[in-house]
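I have a structure I would like to understand better, so I am pasting it below and will then ask my questions one at a time.
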Amino acid sequence: MTQPMPTFDQARTDAEPLLSVRDLVVEYHTQRGLVRAADHVSFDLHRNEVFGLAGESGCGKSTVAHAITRILKPPAHIAGGQVLFDEVDVLKLNDDQLRDIRWRRISIVFQSAMNALSPVLTVGTQIADALQAHENGTAQMTRRQVLDRARELLDLVGIDPDRVNSYPHQLSGGMRQRVVIAIALALNPELIVMDEPTTALDVVVQKQIMDQIRELRNQFGFSILFISHDLSLMVEFSDRVGIMYAGELVEVAPSQAIFNDPQHPYTVRLMNSFPTLSGPRVELFGIPGSPPDLITPPPGCRFHPRCDVALAGRCQTERPGLQPIGARHMAACHLLDDKIVNKEDAS
Amino acid sequence: MIKMVARMTLVSLALVLVLSVGFGGALAQDDGIPRGGIVTVSHEAFSVVLRNFSPFAPTQNPASQAFIYEPLMVWNEVDGEIIPWLATGFVWSDDLLTLTFNIREGVMWNDGETFDANDVLYTMNLTREFPALDRGAVWAFLDSVELLDDYTIQFNLGEVYSLADVLIAQTRPVPEHIWSELDDPVTFVDDDPVATGPFSVVCRLEDQVFELCANPLYWQEGRPYVDAIRYPAYPGNEQSTLALINGDIDWGGHFIPDVETTYAAADPDNFNFYYWPGGATVNLYMNTTKAPYDDVAFRRAVSQAIDYNAVVNIGMYGYTIPSDPTGLGPRFEGWASQEALERAAELGLNEYAPSAAAATLDEAGYLDVNGDGFRELPNGDPMSMNVQVVNGWTDWVTSVQIISQNLQDIGVNAQVVTPEFGEWLNNLQTGDYDISIGWSSSGYTPWNYYRDSLDSSLLGADNIANATSWSRWFSDDADALLAAFTATADPDEQFQVLSDLQMLFVENVPLVPLFPGPTWYQWNTQQFTGFPTADNYYTQGSPWSRDSNSRLLVAVNIHCIDDTACGQE
Amino acid sequence: MSTVEQPQTAVQPAGATAAPQRAFPRLPLPNWLRSILGNRKAAIGLVILSFFVFVAVFAPLIAPTQNPNRMVARPVQAPSAEYILGTTRQGQDVFVQIVHGTQVSMAVGFTTGTVVMAIAIIIGITAGYIGGIFDELLSLAMNIVLIIPALPLIIVVAGFIDRPGPLTIVVVLSLISWAYGARVLRAQTLTLRNSDFVAAARVVGEPTWRIVLFEILPNMTSLVVSSWIGAVLYAILTQASLEFIGLGDPNISSWGTILYWAQNNAALLTNAWWTFIPPGVCIALVGFSLTLINYGIDEITNPRLRREPKVKAA
Amino acid sequence: MRFILRRLGFYLIALLVSVTLNFMIPRLMSGDPVQLMFARFQGRMDPRAIESLYETFGFVQGPLHEQYFTYLSHLLQGDLGVSIANFPIPVTEVIAVGLGWTLRLVGLATVIAFSAGIFLGIRAAWRRGRFADSVILPITGLLSAFPYFWLAMLVLYFFALGLGWFPLGHAYSLDIHQDWSSPEYLSSVLHHMILPATTIVLTAIGGWMLGMRNNMISVLSEDYITMAQAKGLSDRRVMYTYAARNAILPSLTGFAMSLGFVLGGALLTEIVFSYPGVGYTLLTAVNTRDYPLMQGVFLMITVAVLVANLLADTMYVLLDPRVRAA
Amino acid sequence: MIAAKPILEAQGLTKHFRTGGAVSQRVVKALQDASFQLYPGKVTALVGESGSGKSTTARLLARLYEPTAGQIIYAGRDTVEDKGRSKLLKYRSEVQMIFQDPFSSLNPVHSISYHLKRPLQIHRKAQGRQMTEKVHDLLHTVALTPPADYTPKYPHQLSGGQRQRVAIARALAVEPKVILADEPISMLDVSIRMGILNLMAKLRDEQNLAFLYVTHDLASARYFADETMVMYAGHIVESGGSEELTQDPQHPYTQLLLSAVPDPARGLRTQETEIAGEVPSLSEVGEGCPFAARCPHVMSRCREAMPPVTRLSETRWVRCYLFDEA
């Protein structure tokens, strides 16, 4: 029934990436001190691509997503870097320009649909608000047309259009998340940032929603920045995946490569941290220790205190940078020095 | 001090229209006295106006006591005269058992009906039929009332009671043609009174103000001179004081702290006050059923210990004078017994003499045996006492604080307690107190003062002390003297009886008189004149008085200062 | 239960308050005190309050007298070296009265606050923890007491007790003011009762009384303290109001009675401001200090309320 | 609807409890109103008159439960009895005069204080650290710590006696006749209302502002606010429709409850500003042990508070769809 | 294979909650007729979606709830009637529980040593100087070393994994035979989950503990549990050896559940499964099979009564009419 997904290779064009994040730095000022939640994060996201950002809680993946859409709230603030969306630096936009780009071109699906919808407004109103806030194309719409469009959107995400007058508390968790997706689709954006869109949901509902998203993407061709801590889901759903650890991007690769051939020791161990339903039952070990406190991050490679293959001197003092280690595969680890591909070789 | 809320009735539109013809500017008449103006009066705390002008209401609207319903005769507290009013006079029979009043002719109710003795008769019978209406308790001594003719009425007494004349003279007749139609005169809210008074027309009644307009049919020709009397609502002294200072009140009866600086100084030419120290004496009562108060020596020591000047100047803000030891005060100067006063001086009563007081106590055996700084009873038991005063009556509270300080100074462990009014009264009535400040009766003669304080018959079967016999000091001699007074109408005899009573009083000190109650009275001459002044205190000037209708004399006398001052208000 | 009955602000468990403070060296202070001192508002409030507590405690030393209402001097003297705050119409030393009034007013405030909280804790936690019909009845009682207008009821009840005085005020206010705290504590107890650590304590075999006293109650410390402070503030203000309208004991020196006498003596009209202004300012300062402490506690327990530190340009 | 019905049931119980309380309190209080009244006349009343007045005042003897049911049945007929201190005026009439003024003044002041507090709270939370948050908030906090009467008296002396901008008291100028259709009278009423209302507003606003600010701050960190902003909605729409509407809900309950405090607290306003109202009537009734009047006033205030609560509940239901289903 | 005697057994265990007020009482059928056994040295997983009743089951066994019906048989004896502190205490010294959220299962106001000392005191496992020794032993067991570093700390000073280890140590303190682990790893970071599961596996082996492992994660059940039971809407619908069940699910719901789990190992881009409908509310569950409304194989009798247990093998059973030969 559904078309097979276009693969990343097919989707890739020679055109400039849709979204290009360059050396993004996000800091939090807390009572205890300064936290650098995202530290020089750089990646590209192409048109029609699903790019996943994965990592454990507190690794900075949501921070990056929020920074890109500029919805970070104090005490977090962007301390440096660029977010180029269609060659425009989102971080330099003024409020009006930002309001114009938001939702019409970039929309967001929040983690918990329970909290992403105002409990005192109907679903219809919340969809209509998004439509009416943007003059382009909707300024002339009557209230009736707006509501018709809202019903259409609900239908699109598999909800009875009559639910347009329902309040969020009258819907189940899965339905609410579908509403949030409907709102995100309202203005046919080019990029949808999905921040753990199914974390609060049960696996069956998660499956339903992810299928739905996949179908909609086939239909409308938007790009997705997909944030999740669930590597299985991530690998299954994304074209490319970036792995974050302690505020840094440590590996970027096509999901196939992340699953079959992880390079960074953290990714390797992470892939070995959760059991699977199929395949042989092997003993898994997880990663000893816990992620560092970002107020006092370890010097050198941030993963070195938990890394069983860390080099005695270098890993403790020198921070590895993200280096290409194969076609479309990058990782930040000193151990991979011999694998690093020269730029010339790669091209 | 907390007073009652007044109450009111609807404006009679028709009357307003009729009367408004006469309004609008002061017009001098033949006598040269300017007419017109609205006099603003304030003397008690209320916050909203209620419609009730019944002269029988237990807590009456003060206006209905005099300005609306007039008495047969007006008793002038200042000189003791009884002034003919609706009655032109009265005659006692020789046996002092019948009393005949002559009713004035030519008086009309404000609805145009004629007033005559039939109305008086009706009123007397009404109060007999409904005891709740017998405000003067006249049926306690009356036997019957009969009409001799339309303008003569005879009262028959059941026993000789020589003070009956004044009591009956206070009767305020109500119109028979109105009241006889009522279902229940007791609960009658007299919202549109038919009366004879100079200001008996309720021409304005709103939530915070009511006005009584001049009665166009008033029997005193040409009077009253002003158009109306206005009563605005003020919930407390603070607010009325502000209004007085602001010149909003023409005629006031308020307590004002430091009246000289707070009020008079604001407009020295026009803001006047005079606090006539002729009110009922305020006393210090001691419960003589208990030790040590049953000991006359102790009571005498208390009388010597009190700093009367401090009480009067600090407690009472200098608005009164210390009482003389007989408790009679300036109003009854003519009744004073020099013998008794001399005896009191000999005993050192009512003189601030701490050392004498201490000596008196030493002599009587009240010594500080255990060295705690306080004296013990002669038998060695500890002695401490509460001096009670009503909470919120701040002048009295201060006075009592001074007194307790004075007592402590002579080694008597006295503490002030301030129960609420209800409990305070109940304590006095049931004898559940040590020492207490309290009022006494005023009356037409000093007899009332001694009767209410000393008459043993006032202690009821339930041990409840009525009137002010709260000290519970009784003697056969006192009872006999009190009875002798009302059994005669002969002034000399009465004087002798009272002299004896005074002597008995200073010998036994059943209570300690502190000071005559001052009567607050302010008047503002920016617009009106004709008020009693300190120099010409022709009657008690306060717009409020518990005991008399003397304000009626003022009300018909005040007038605008000139033809222009009261033009438009 | 409906959302209506939820407390207004979610209060986090006390553990959240224990974030170490950079500004303060690790003195041997209890955690809560360190948190409070680390909050500027609360610290200012605490300083003001401590001053008044100090005055109250050492009143007999600061202004030695047997009876602060003793008439000692010429009436209505303006402040001078001899009488720092002047004298009243009754010749009382206003400074002495204020110092001793601090004692009475603070004592009434804190006693009432403590009694109110004791009642609120007992009723609120019992209702919340035991639940069932017991809870239904207690909740009904709380809501009714909350809805019945307080000041009129206080006036009526104060009138019913014939001898007014500080003790009366404590009793009356305690009888009437417990419900708000009880309701808040009940709601919090309901939340905590269902928390895992209570379940864990039960599984471990903790007896009920220990669960209430050692597991639930310590987690409501900040709530209890802030309700207590609120109750103290309410008591101090209400005491002053009651005394002002004449329902206090005029024989006792407290801020409210000083104002009562000042008003009776037309202090403002006679320009004797020194009898009227200082007690009002004292009440306001104590009130403000309590308000500040409560602001502070709110901020400590709910980090979102904290002002974010100023961000310097990167 | 079920929510409202449940609340109605609760109010009915609350009413019954306060009515019962009302019945009990005078019977527990000491002091006999008739005795007190005659004491004020200082003992010149004949005992016969006292006895007959007892009857007239309707002092019912008999078992307590009988008295209670008589009391209830009278209440149901709207008969609150006759005021003793104002005999023979019915209690309803005594209250009627003041109630209108109290409700107008307190109603207006409360609504203003609430609205202004809510508005300022919204602003303070929206712009943290700006004027509303860093200047107005502490000032209103300080104001709410002042004893009300003290502040009111200072205001009265300064603005009315000192500067003469406002009248010294009363609800309207006594030189103007009371007539609700006259513009002159209405403007006088408003002019006289300014000081008393302002003082109530000043002392009450702090609580609302702080509460609303804190609720707003909590709400502002919710995802739906972030999402509303991300949707590109105007600040106005996010601030009022999304944030304030959710943040106001807890304050609404408090608003209803506070009316009880304010209505009772109006007593102080009435005294300081010579304003007519039921608060002073209650105080007078307590002092004179005028039980019927006391009961009447108390009942009126309670009913007013209950009605206000019901209104607040209705508002709550209108604003919060979640309770409609509950 | 199963020769040992069960240590803890549920027999027809049922729990209904009553919610709502007097007007609209609803019954939430959280658990219906559940029967299963826990064996020493074995882990039994209970898998289901949120609201399926799996946590209720654990809490019933922990005696945090009173069962509506059924038996809880410990060492061959029904303990449901064991009430009163001493009897429950005895039970609790044998059966302990670990909670889902280590952030809330430790009381923030108490230190780690308090948390570990209390069970030792209550169950008189240690006294005096022994106590510290015992506490250190426990911390050793859960690999929090050196113990002295941890005892004075408060929960907020530890990471999630460390807290969960403390929680496990607390459960171990009473030297229980059975541990009920309610989603012990779902709140933890991915990288440390295995550490906790491996620790529990070690305890199972070394101390011969019986585990009930409640989880929504089928893969972790496959990894950790010897046997797995699948719950749907208050009913256990299928039970069997973990490997067997996950590789060859029989019940249509189990099949659905398994197909929904993302599993890159099965190959990327798995086939989409048609899933209709949502989990029914537990207060609306009727007499029939709760899955009937969503089941692709639904038959008319499915809607009439819950299917009985059909044994597929010695260790395997399912409740579905598809397997009911009768």
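For clarity, chains are labelled A, B, C, D and E in written order, and residue numbers in each chain start from 1.
Basically, a contact is a pair of C-beta atoms (placed from the backbone, for glycine too) under 8 Å apart; a residue touches a chain by one contact, two chains touch by 3 or more.
Just so we're clear, the structure is a prediction, and the values are computed from it rather than from any experiment.
J.: Hey, what chains does chain B share as contacts with chain C?
T.: In this structure, the chains that contact chain C and also chain B are D.
J.: If each hop has to land on a touching chain, what is the smallest number of hops from chain A to chain E?
T.: 1
J.: Counting only Cα atoms for the centres, state how far chain C is from chain D in Å.
T.: Taking the mean C-alpha position of each chain, the two centres sit 23 Å apart.
J.: Any idea how many Å lie between the Cα centroids of chain A and chain C?
T.: 50
J.: Compute the distance, rounded to whole Å, between the mean C-alpha positions of chain D and chain E.
T.: 55
J.: Which residues belonging to chain B are in contact with no fewer than two other chains?
T.: 2, 238, 242, 245, 392, 420, 422-423
J.: Would you give the residues of chain C that are in contact with at least 2 other chains, written as numbers and ranges?
T.: 159, 162, 263, 308
J.: In the complex, go through chain B and note every residue touching chain D.
T.: 2, 4-5, 7, 47-52, 54, 57-59, 130-137, 139-140, 186-189, 204, 206-209, 230, 232-236, 238-239, 242-243, 245-246, 248, 280, 392, 420-423, 425-426, 429, 439, 441, 452, 466-468, 546, 569
J.: Along chain E, where are the residues that touch chain C in the complex?
T.: Counting only chain E, the residues touching chain C are 59, 62-64, 85, 88-89, 92-93, 96-97, 99-101, 104-110, 118-119, 122-123, 154-156, 167, 170, 173-174.
J.: Applying the document's contact rule, which stretches of chain E touch chain A when the two form their complex?
T.: Interface residues on the chain E side: 49-50, 159-162, 189-195, 198, 216, 218-220, 222-224, 243, 246-247, 256-266, 268-270, 272-273, 275, 278-279.
J.: So in the complex, the part of chain A that touches chain E is made up of which residues?
T.: Answer in residue numbers: 1-2, 4-5, 56-57, 172, 174-175, 202-208, 210-211, 229-233, 235-237, 255-256, 259, 269-270, 273-279, 281, 283-288, 290-291, 306.
J.: Mind pulling up the chain C residues that touch chain D in the complex?
T.: 2-4, 6, 8-10, 140, 143-144, 146-157, 159-160, 162, 233, 237, 240-241, 244-245, 256, 259, 263, 268, 276, 280, 283-288, 290-292, 295, 298, 302, 304-305, 307-308
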